[in-house]
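Chain IDs A, B, C, D and E follow the sequence of writing; residue 1 opens each chain.
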Amino acid sequence: GGGAPPSSDSSGGGGGGNSGYTFAMITHETPGDTFWDRIKAGANQAAKDTGSTLKYSSDPDATKQAVLIQGAIDAKVDGIATTLVTPDALIPTVKKAVDAGIPVDSFNSGTDFYQQAGSIAHFSSDERLAGQQAGAKAKADGATKILCTIQQTGSVALEDRCAGVKDAFPNTENIQVNGADDAAVTSAIQAKLAQDKDINWIITLGAAQGLDGLKAMDAAKSSAKLGTFDLNKEAAEAVQSGKIQFCIDQQPYLQGYLAVTQLYLYKQNGNLLGGGKASLTGPTFVDKTNVDAILPYINQNTR
Amino acid sequence: MTDTLHEHADPNLHKGEPLVQMVDVGKTYGAIRALKGINLTVNAGEVSCVLGDNGAGKSTLIKIIAGLHPHNEGQVLVDGQPVSFSSPREALAHGIATVYQDLAVVSLMEVWRNFFLGSEMTGSRFPLSGLKTKDMKRIADEELRKMGIVVKNIDQPIGELSGGQRQCVAIARAVYFGARVLILDEPTAALGVKQSGVVLKYTAAARDAGLGVVFITHNPHHAFLVGNHFIILKLGQAVLDKKRSEVTLDELTRQMAGGDELTELSHELQR
Amino acid sequence: MTDTLHEHADPNLHKGEPLVQMVDVGKTYGAIRALKGINLTVNAGEVSCVLGDNGAGKSTLIKIIAGLHPHNEGQVLVDGQPVSFSSPREALAHGIATVYQDLAVVSLMEVWRNFFLGSEMTGSRFPLSGLKTKDMKRIADEELRKMGIVVKNIDQPIGELSGGQRQCVAIARAVYFGARVLILDEPTAALGVKQSGVVLKYTAAARDAGLGVVFITHNPHHAFLVGNHFIILKLGQAVLDKKRSEVTLDELTRQMAGGDELTELSHELQR
Amino acid sequence: MSQTVRTAPAGAPAEASNRVTLGLSNRLLARPEVGALVAAIVIFVFFLVVAPSFRSPSSLFTVLYASSVIGIVAVAVGLLMIGGEFDLSAGVITTTAGLFNAMFCFQLGINLWVGAILSLVFCLAIGFFNGYMVMRTGIPSFLITLGSFFVLQGANLGVTKLVTGSVSGPNPNQMDGYASLNFIFAHVFQIGPVALNITVIWWLIFAAAAAYVLQRTRIGNWIYAVGGNAASARAVGVPVTRVKIGLFMTVSFLGWFTGMHLLYNFNVLQAGLGVGNEFLYIIAAVVGGTLMTGGYGNTIGVAIGSFIFGMTSLGIVYAGWDPNWFRAFLGVMLLLAVLVNLYVKKLSTARKVG
Amino acid sequence: MSQTVRTAPAGAPAEASNRVTLGLSNRLLARPEVGALVAAIVIFVFFLVVAPSFRSPSSLFTVLYASSVIGIVAVAVGLLMIGGEFDLSAGVITTTAGLFNAMFCFQLGINLWVGAILSLVFCLAIGFFNGYMVMRTGIPSFLITLGSFFVLQGANLGVTKLVTGSVSGPNPNQMDGYASLNFIFAHVFQIGPVALNITVIWWLIFAAAAAYVLQRTRIGNWIYAVGGNAASARAVGVPVTRVKIGLFMTVSFLGWFTGMHLLYNFNVLQAGLGVGNEFLYIIAAVVGGTLMTGGYGNTIGVAIGSFIFGMTSLGIVYAGWDPNWFRAFLGVMLLLAVLVNLYVKKLSTARKVG
């Protein structure tokens, strides 16, 4: 495993050693995305710190995610942490888990629905809010027209981000790009920049697409500015060198870590975080002012 | 086999009555001309033989009657009505059954299923009613035995049979279902002497039952044994068109192949 | 055509020398027995004829020699060495060229490409060296003309030719490339009298050039014209195995088909 | 071995001598679904051993449910593949069906039954279009349905955005007709400790019905024929065009059915759902012994193929293997299933009777 | 019309009578790539009209770049399809190639050239494995390569995670050999106002080379033959197994090549990249006139197919159409391209000379 923080021998929340708990984490990850990798890293660290076993599984298709939750119920795990990306589709199954006496907490998406689902706590960033703040930043920077790229067709969370940008700055246009192919993303953004010369700000919804966006601006000789959601090493370095204005960090590591730790503490102590409200892990902005402090954490895969 | 034919033959057939007529029919495949100005009449109770060199257009001719390719020129009349079949199903609906030279069977399917393909026996007319599997197997087996073909297992995929056996299945099927006009494209080519004899007997029986038969062959001997009418094609055109009474076997053979080549050859090869 | 043969024939062939020997060969397809206890010798400068009913196992026999199916029992010797070819390429490397009854050509490819398939003419031995396209077209055209086949366009996909024309291409190819042993599976079945004559002449010429020839046919007349040795198969076993000197055409015909069926038939059908 | 060899009297060798009746065991082995069945059993036992939580009956029912959601459409896709064609729009049409129903009724405020039936008509029209275009133009079905795949995917998103302003459809669970539709398409029977989703029952019914049609009816005969050799089938009078169009419509019918399940089970459908499932259907069919080139296969086999797929993808989770390697395990399992299938088929033809 | 009809003297009808030499225009129309070319021109003109920003030369080069990244692998996939097989692992192998190179050199700190060459060897081994399994077992290539698709996808993720601790590969841009590799695989030539990526040149070279091999060499003849009728080809002595394995290795070679471009152009590769591209390659090949069932096609056509795909997907952006409908437009465009292609082919055979 990569860069877990050098933690002293774990002693989380009053327990420690081998707690004997098995928790299941079920997400809508598209395999091979650095964002989800951070979530897993946090969750794994939390499992290690609390001496629990973590079973992770994922499927981007909500209906199959529901089946995976059902599988966790069948396996009689001690707790379930799940994302609620399509709340209506997942709530019935989550309720089944609750009925079966398995505590469930939720993270990443589904802020407005977690209580209805019977989830004990929720850790997320508000996607729409994040989008609004990004839009506001661009506006303050003198945006005349914003391009917002969506790398996965029909995803609620991504649509929310762009909708947020549009809330803050109505002259925003979306395009769909193929997130599985950097070359395709680059040429699509390049084409859009050529088509609409008014665009002087780009907001991408993933770090890799942000870097593709830089390539596209180079090639199109565009002087637009770019901000992105999510962080990775290269994006952070681009922030450092001023090529990317900001990265919006929702601290995925923290989401994963908290989701598992919450389950552990709930089983161990009945602790609940958030006081009946969702706990926000973001949005936080990484820009020139704070990137130097954050970069080391990024390098160890915890931020 | 004669019983099979009489059972299935249309009772309203009258000898000598024209069933299919081709008037000045022509056909091109894209840039290639395959047939031109063909006149042919298929009468009930008669065998029309079509002979000709390789590539002369014999198969093309019968594919037109069978509804597999439409013709480009001229007219095809069935029972006096001009038709242009757009599918073999329409031709079959007019009682025209065909044994093709090259597309006889569906290799992956069982022998009996191939035999009944397109004319399956079912319990009722309802499209989802059960097949009479047992009857079909029995009949297929019987009909093949009548031709002297004993397949090792009637449930075998037909692709596993030998070339001649496959041909026999196709012929037996056409005879069994051919109610008015029977078209045979080189039926005896892949067959041994014995099976050829059986096919010729079938052909004669079909004729006697009042069917119109079109018999395509390279073998003037076979043609002369059963034919009432002979047409020789060359490069898509008819070069001979005569009644049985107007022609002799020798003339046929000579016209077909530029003379008694075989006899000559046997002299030539004699050691 | 004789020149073609002499050009390509292996000069080290000595008449009467055994090229291919089958000793007690048997073959089963899964549960189905196709051949049993076959002994056959193909000598240089001789034509061995294999006759038999449909499904008797003739094609199976030659597929074993040609390397298409391995045999299950017995031994196949080529030039005295036991072999079990795992692919036709190995058989071809031993100079064994075959015309198959059912898998002759690649329909979508041009006539001349089919003719040279597997033995293309190239500028050098380097695998990416250019094809001698012009020469190949010319030769293919010439060789086909020698058989009396004139295709309308040598660049046509071979699937557009008539059945007999396709067969001719396959035969011309095998003769052209068949350096030591030539195997023909019912080469004359789809052919007219004239083309059949040409094929028989080819066969005789190949024999005279010292090649060993296996000639499979249903037609005892054709067999008798060229054969030195006759084997009749029935249900996978040899029921007759005689030299030319030991047999007459009548006997062959009778053995093949249970007697002079054709003559009988002609009486029966006479009107 | 239990084969019987009937040998005719020596006097009549030409009549029936080497005629063969295969024994039961050989006839069984030769069926397309048996290889898949053996593979399924091997994989099932394997997971029973390595994954303790796989052993509970409720796990089995979860696996059955997951298999059924793939399996229902896979039955139709299997039929279509036996008939020699592909349908790449089979995955997204499920979403189209559900979204159409939900949005239509939500906008007009009418009973969900009306929307469900209109949605069915719409889906059948898509299937008809696919089949008609394939037969009419002669363009391979892979391309035609790829086109409709893209168009439907785009329309799912575009229309949903247009109508609801977001990328997910409206929730129908407060609307008229919900209860009865929910019962038909998504009811869960509690049988003691385990939950049996009604889709499992539907799946088995559809698979059995399709197996009957294939083996026992004239239409089944025609399906094999058009897949095995369309030219020959046409030549003997099989209505090739009608059969193929019917098959495309069957796919869209069962796609609609699955869409109804998704809608009434999950209530809200995202417009991007279903993409990629078309290949799962094809995988299920092929693992179940269907020939990619048509003319050979069996829906019982396809059902087993769906089960293998469902079992494998959940089994890996039950076994708790490293999720990073999930896809690799899945690939290895599929290859194993196919190899076992092949091995069994080889067995069936290698056993001699002569 | 410009056809010539040579009619032999009447005295020798059997010799050469209805022999035909097709005119130039007919011979042109009959080529597999001409339909695609016409379709490409139609779509090109269409976008010139509807999308003003499409008209600048730099837009053309952007389109060419996008086409080349799909097109390089599509050349090999086209060859493979002419040879009668599929490769579903062609998309992910690009990522495997890049990740292998980056991680290997990063871990051992050696020159990138070493890693690039080892990566090539590794990719060729995968191609060999695919081909060998297909030929050895007789399982359809769709299934075998589906298996390797899953395995590679899983391994990309699992190995990267194991080695780097994250799901993206290391950045090679500070390592030895970067400059030269970057030049070969990802250089951008500035020609006046426009930027020409070197991949475009490679793409044209590969397409032309493949076209030469197909039309003018023995191996090309064999490729057509194994795709058209493998049994017949084997019967006349074509080494079917070697040809097919060679084709699979060609696909993995060009997959490796594209992977190198991605690595040296974008530097950091995420492990999940490349999934789904395998179908774009197939689409490009089929739109370019390649027969799905093998035996017919042409790499020039495949290159045009890639261009149509690149042009369509970017043209929609240049035209500024509603992005929600992107996929729907794409689908309609593809169908149109295929229909135009078909129409042209019909024209070529419908013109009479007799």
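Note that a residue touches a chain if its C-beta (ideal position, glycine included) is under 8 Å from a C-beta of that chain, and two chains touch if they have at least 3 such contacts.
What you are looking at is a predicted structure, and each value in this text was computed from that prediction instead of being measured.
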Subject >> Path length in the contact graph (subunit A to subunit E, fewest steps) >> reply: 1
**OP:** Taking CA centroids for every chain, report which one is farthest away from subunit B.
**Re:** A
Original post:
Just how far, in Å, is the C-alpha centre of subunit C from the one of subunit B?
Top reply: 28
Original post:
For subunit C and subunit E, what's the span in angstrom between their mean Cα positions?
Top reply: 41
Original post:
If you average the CA atoms of subunit A and of subunit D, how far apart do the two points sit, in angstrom?
Top reply: 35
Original post:
Which residues of subunit D are in contact with two or more other chains?
Top reply: 14, 18, 20, 22, 153, 157, 326-327
Subject >> Residue numbers of subunit C (touch at least two other chains) >> reply: 29, 32, 53, 152-153
Original post:
Hey, what residues on subunit A touch two or more of the other chains?
Top reply: 31, 153
Original post:
Along subunit B, where are the residues that touch subunit D in the complex?
Top reply: 66, 68, 87-89, 92-93, 98, 100, 103-109, 113, 116-120, 122, 127-131, 133, 148, 150, 152-153, 155, 173
**OP:** State the interface residues of subunit E toward subunit D in the complex, per the touch definition above.
**Re:** 137-140, 142-144, 146-155, 157-158, 161, 279, 282-283, 286-287, 291-293, 322, 324-332, 334-335, 338-339, 342
**OP:** Flag every residue of subunit E that touches subunit C in the complex, lowest number first.
**Re:** 14-16, 18-22, 213, 216-222, 224-225, 228-229, 231-239, 291, 295-296
Subject >> Residue ranges of subunit D touching subunit A (in the complex, touch as defined) >> reply: 53, 56, 58-59, 62, 65-66, 69, 153, 156-157, 166-168, 171, 262, 265-277, 314, 317-318, 320, 323, 326-327
**OP:** Using the touch definition up top, name the residues of subunit B that touch subunit C in the complex.
**Re:** 29, 32, 52-56, 59, 101-102, 149, 152-153, 156, 160-165, 167-168, 186, 189-197, 200-201, 204, 218-221, 225-226, 253, 256-258, 261-262, 265-266, 268-269
